[in-house]
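When the chains are written out, they are named A, B and C in that same order, and each has its own residue count from 1.
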Amino acid sequence: MITLKKHLSKVLIAVMFSLIPLYPSPYFRRTLFLVLYFAYLGVAWDILGGYTGQGSFVHAAFVGLGAYTSALLFIWWRLTPYISMFIGVLVSVLFAALIGYLCFRFGLRGHFFFLASIAFLVAMRYSFTNWDLVGGATGLIIPLESSNPWLYMQFEGKLPYCYIMLVFLLIEIYLAEKIVKSKLGYYFIAIKEDELASESLGINTLKYKLVSLMVSAAFTSMAGTLYAFFVGYIAPETVLSDILTVQIVIVAVLGGAGTIYGSLIGAFIMVPLMEYTRAFLGARSGLDLIVLGSLIILIGVLYPHGLIRLLEKIYWRLRMVKGGRNEKCS
Amino acid sequence: MIQHLLEVFIEGILIGGIFALFTLGLNMIYGVLEIINFAHGEFIMLGMYIAYWLFVLMGLHPLLSLAIVFPLLFFAGAAFERVVIEKVIKAHIFIQTFITFGLLLLLQNLAYFFWSADYRAIRIHFPLISIGGLHVSTPRLIGFIGSIVTIIILHLFLTKTKVGTGIRAVDENPVAAELMGINVKRMRLITFGLGTGLAGVAGVFISLFYYIYPTVGFIFILLAFIIVVLGGMGSFIGSLVGGLIIGELESLSALFVGPQWKEAVAMIVFILILLFKPTGIFGMGERK
Amino acid sequence: MKNVLEAKNVSMWFGGLQALNNVSITIKEHEIVGLIGPNGAGKTTLLNCITGFYKPLKGKVFYKGMEVTGLKPHKICKMGLTKTFQIIRAFKSLSVLDNVLIGALLRSSKMDEALSISREAIEKVGLRGKEEMTAGNLTPADQRSLELARALATKPDVLLLDEIAAGLNPVEVSGLVETLREINREGLTLIIVEHVMQAIMPIAKKIVVLHGGRKIAEGPPEEIKRNERVIEAYFGEE
């Protein structure tokens, strides 16, 4: 399994690097950016949902907080997103600490945690929709500032955004792997497996659930900043939507929750599928979301453990066939 | 002012009765299948659209369309239960919840695809009723009475019939019910169908006075969540009382805080309930 | 010898039901104490009150002279007092080694150190050679041993074992008893909850008997065997 994951990641990364410059269509690059963006969000969600077992529907709120914080700081003071994203992280982590403390302190689990997490997201969306400071329902436009593209993260084409997103994704995967293989990761998995047993082994389950949520929120928030500067326009309907949360979850679950690399597979399937349905069948028809909805049901029924497990199975079968041949040869 | 306040108060009760109806559907499904059906609001939406199209295309009075809506959505729900839910009945609750979210997206956008995002309304004239000088919205009154009648029928079904007793037994203790020879799988099917059917019925009542559009279900599912948690997961009486309380909260907060804030108020109340009394007023809380 | 664990007048209710009524026990260092009683006597409840899974409604718990009443289980575990569960709670989808490693990480955040603590604990309970097996695929007896190894990896001074022999056959039980003796010889204080008296009698120096939430007897095994109230509690029921 480990070898497969290693190979898979290398192959995927190599493919992505070679793909980006090859195809000069702006639409393609937009899609590629979204693939990387959702893969990144999926990995971030996976730390909490997949490893710690706390399936959350609140994650769009962290995307929104990152996006709004950076957009506002840019509009007010032209603060570069490279700095403001860390302020966004701070805001998101504080929010995560607040909701995490409330939910976990009061022992919300299972269904109740889903409901609470979605309630926090919806409450935030309604509040932002009615809050003039953050642009209300119409949202915020990031003003054009073409004087220094790298400083303000405002480029003509989409290509630089793809590279930036890719770098962030690679760093994130590197860090997530480190976390998963450390004490922290083991504790997260222990909590997912059995909270009472974890407590009996000296694990402060409240603390580590909080840590997991905060780490996940911090990663997620950065993607919000990048997305805001990629599209140049944010609104409650785009960065605080329940559909965004569901997309993040599907990316992680489709590929395989609790695997990190599953999110790459998930994003590579979900994003092109949705983008191209939209492109070919019209954006206003809702067909892309029909596809998404069907996909969720299909995957949930057929591969509840994600596609990465399926790939692993195929890989092992292939290896066994190969091994068999080798035996015959010798 | 007093008169206006009273009218708002009555309106809250009327709407609360309808809330109670669709919440009961959601709560029954939770009780028997231990699944939260996120797509519940979409069945309300479908009920509204069916009533609308029967009215527009065939001139059928919405109340008469109940005879079509209930069986249709009962079978739709039962079919979904058999084909999809039954396959994941042992899966992790996260996968189950997630699948119903998929259904939400699917139904919502099918409605969008076929019927566009236009706001529609059933234009029927109802005479204005006034009781003791207080004006009462007639469609809401009809919806309230209809809901109460449906709830009473449901209660009789659950307590007086064999199938109803079976459903209650599974709700109480699935393992024991299985041992007593109750076909648990069939009870799950019927319960899911009943739940979605009731959502459709509530949708028909709501369509008498509310706009109809593809995402309308989301408002109601959020309200249903609040009511279920407030009244207690799995509690019949809890859904009833919770429905009335939230109906009141909705109409009073629209009056005092402003209609654009009423959803945010509801969400904050929801979070407070989740934190301080997640088992609800009448609830037994999460099992297992 | 010093008192290592002391519960004073512990009472616990669930709803209107009193599960423990004024129970006091004192455990000395390096002892093996058997806690027995018929079903529903309050044995598990008492363990949970001691290890912090329940906060007793009345009474106090002292560990090494410090009050630990109402502390969270993970804090109490860190102080060197933990328990295993009546129903098997191994991390079923993880390997044997990972299960024990999670316990060992409490004492050392360094992976290689934690790994060597784990291997030692696995060796001790006789699971060597099964490190890479998935816990869920082990036999119930091995899963019990795994739980024991996992608890040992947290380096406790006092270990509370809740019906650790439940569901094991006589051969497995005697193997387990041997392991427990060995662990005790290395200095651990053991409190062993058993439903069946015979399993505990050979190794325990002291037996505490609970019945209906009260302590009805306390003393060496031979005395307990002859105690009228104990006989009545056991045979009156069956």
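Throughout what follows, a contact is a pair of C-beta atoms (placed from the backbone, for glycine too) under 8 Å apart; a residue touches a chain by one contact, two chains touch by 3 or more.
None of these values were measured; they are calculated from a predicted model.
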{"item": "Touch-based graph of the chains, sorted into line, ring, star, complete or other", "value": "line"}
{"item": "Central chain (by mean CA position)", "value": "A"}
{"item": "Centre distance in Å when subunit A and subunit B are each reduced to the mean of their C-alpha atoms", "value": "32"}
{"item": "Length of the line joining the C-alpha centres of subunit B and subunit C, rounded to whole Å", "value": "49"}
{"item": "For subunit A paired with subunit C, centre-to-centre distance based on mean C-alpha positions, whole Å", "value": "43"}
{"item": "Where subunit C touches two or more other chains, by residue", "value": "none"}
{"item": "Where subunit B touches two or more other chains, by residue", "value": "none"}
{"item": "Contacting residues of subunit C [partner subunit A, same complex]", "value": "51-53, 72-75, 77-78, 82-85, 89-94, 98, 101-103, 105-106, 109, 111, 114, 150-151, 153-154"}
{"item": "Subunit B partner contacts - residues on subunit A that touch it in the complex", "value": "49, 55, 102-103, 106, 108-112, 114-116, 118-120, 122-123, 126-127, 129-130, 242-243, 246, 249-250, 253, 285-287, 289-290, 292-297, 300-301, 304"}
{"item": "For the subunit A and subunit C complex, residues of the former touching the latter", "value": "182-183, 186-187, 189-190, 193-194, 196-205"}
{"item": "Contact footprint of subunit A on subunit B as seen in their complex", "value": "30, 36, 84, 87-88, 91-99, 101-110, 112-113, 214, 218, 222, 225, 229, 233, 260-261, 263-264, 267-268, 270-271, 274-276, 278, 286"}
